[in-house]
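Got a structure for you, questions after.
Order as written gives the chain letters A, B, C and D; numbering starts at 1 within each chain.
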């Protein structure tokens, strides 16, 4: 789980976290997973370069500027030969036992060879590391 | 068609327009349609408040910082009772007659009553105006 | 002191926190002081609306994407009749007792009457609260 | 003169172009001068890497979201041995002959050697090219 602290500058003219910024929140969560946690486990290549090839987001409830961070749960939904899918849920608790879901999303990601800039297949080690994030 | 001039600040550490910024580009194109063109035709309410309830983007080709703007084509793909879907294609010409598609996207939008902040149904005039953008 | 966690999206094409984003960092620190801490002490009006009338920043050392937040120290440098100046220093420790200064900045701020949008004078209570932040 | 088209996403919760985004506008204007116009005249190195070492902005009048771009005038205010100062004025006409100044700013810039990341002196050709932008 990644904790994302909203910034005042994330607000748009409607005083809500702008719909564009949601995708930034997902990016920060994913970077944390790929740059920080995956390399610890032997998949350094994923930190070097991954392209987003598809994104989808369902917005359920507005996020606002607040002191408490928004929790983002994240898991690998699918591992393919040359791509993998990360799913996300932004949700917290209303303090009396109910789960408040702000939104759900998924992104399809493809590793790239940084020298050539071209997509490449996942290595066996990368696939194995990603499998550990499958829920 | 909306012409979006990239900013140098749209680039990320990979020197490409960041995947998050694509959603900003779509937002700018949509705002132009809803704030500028739709009100001319009698649908002022759509300029006042529309929530994004779903977004999906397929990224096909990297956008870079360049002088020429990126053309964004946009049309209404579906008009429902309390929501409508805008589809987008970012594409230009390679100069020798081939169409280069950077990406395709769609967003589901819901009008909101600004006083209460609650979703509302499209008015007959709004539906009619949106129908004119259906391709 | 405000702790600012960098986001990967703060990086520009040079892989550094972009010079523009520094001003966003200062804004987040200031919002924390004015929205969160000042209202606790009786200066709610400062949370409602303050305009930036001048900003200056000296950039000393690049900030990068990292897990540890950047500490921002902040104090009121001057309280006038209709404006006040907030000074900032972004600095941390290199782990062996040396202070690393990333930058120093100041912003002149003017309270505005939110109904009219016009600048107004500081109230006696606001001046008193701000004086407590003078170092 | 550089023409900056505001984006809806430049607005903050007060419905104005956020003070941070002003610095982004200056960056876009400067990039246009250094990346696009200076290289035409023999100073390619300035396009490769220039650090902002100081920025100051005086905010005079709010910018809003509008169709017409904001004109940014820009000139080199000073050329030193290892740095130069660019000054900016954002201003337009009110339609009846009065000049509306939104703000004035200046940034001190230092060329860097991209291989080492270290500041370097301006070359004679660069100094000469920059002198042509002195007003």
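Just so we're on the same page, a residue touches a chain if its C-beta (ideal position, glycine included) is under 8 Å from a C-beta of that chain, and two chains touch if they have at least 3 such contacts.
Model, not experiment: these values are computed from the prediction.
When you average the Cα atoms of each chain and compare centres, the chain farthest from chain B turns out to be C.
Of the two chain pairs examined here, B-D and C-D, it is C-D that is joined by more C-beta pairs in contact. Centroids built from CA atoms put chain D at 35 Å from chain A.
Put simply, the C-alpha centre of chain C and that of chain D have 23 angstrom between them. A separation of 29 Å divides the Cα centre of chain B from that of chain D.
Contact of a single residue of chain C with at least two other chains is seen at positions 8-9, 18, 20, 24, 27.
By the touch criterion stated above, chain B contacts chain A in their complex at residues 14, 18-21, 23-24, 27, 49, 51-59. Partner chain B is touched in their complex by these residues of chain C: 8-9, 11-13, 15, 18, 20.
By the touch criterion given at the top, residues 5, 7-9, 24, 27-28, 31, 35-36, 67 of chain B touch chain D in their complex.
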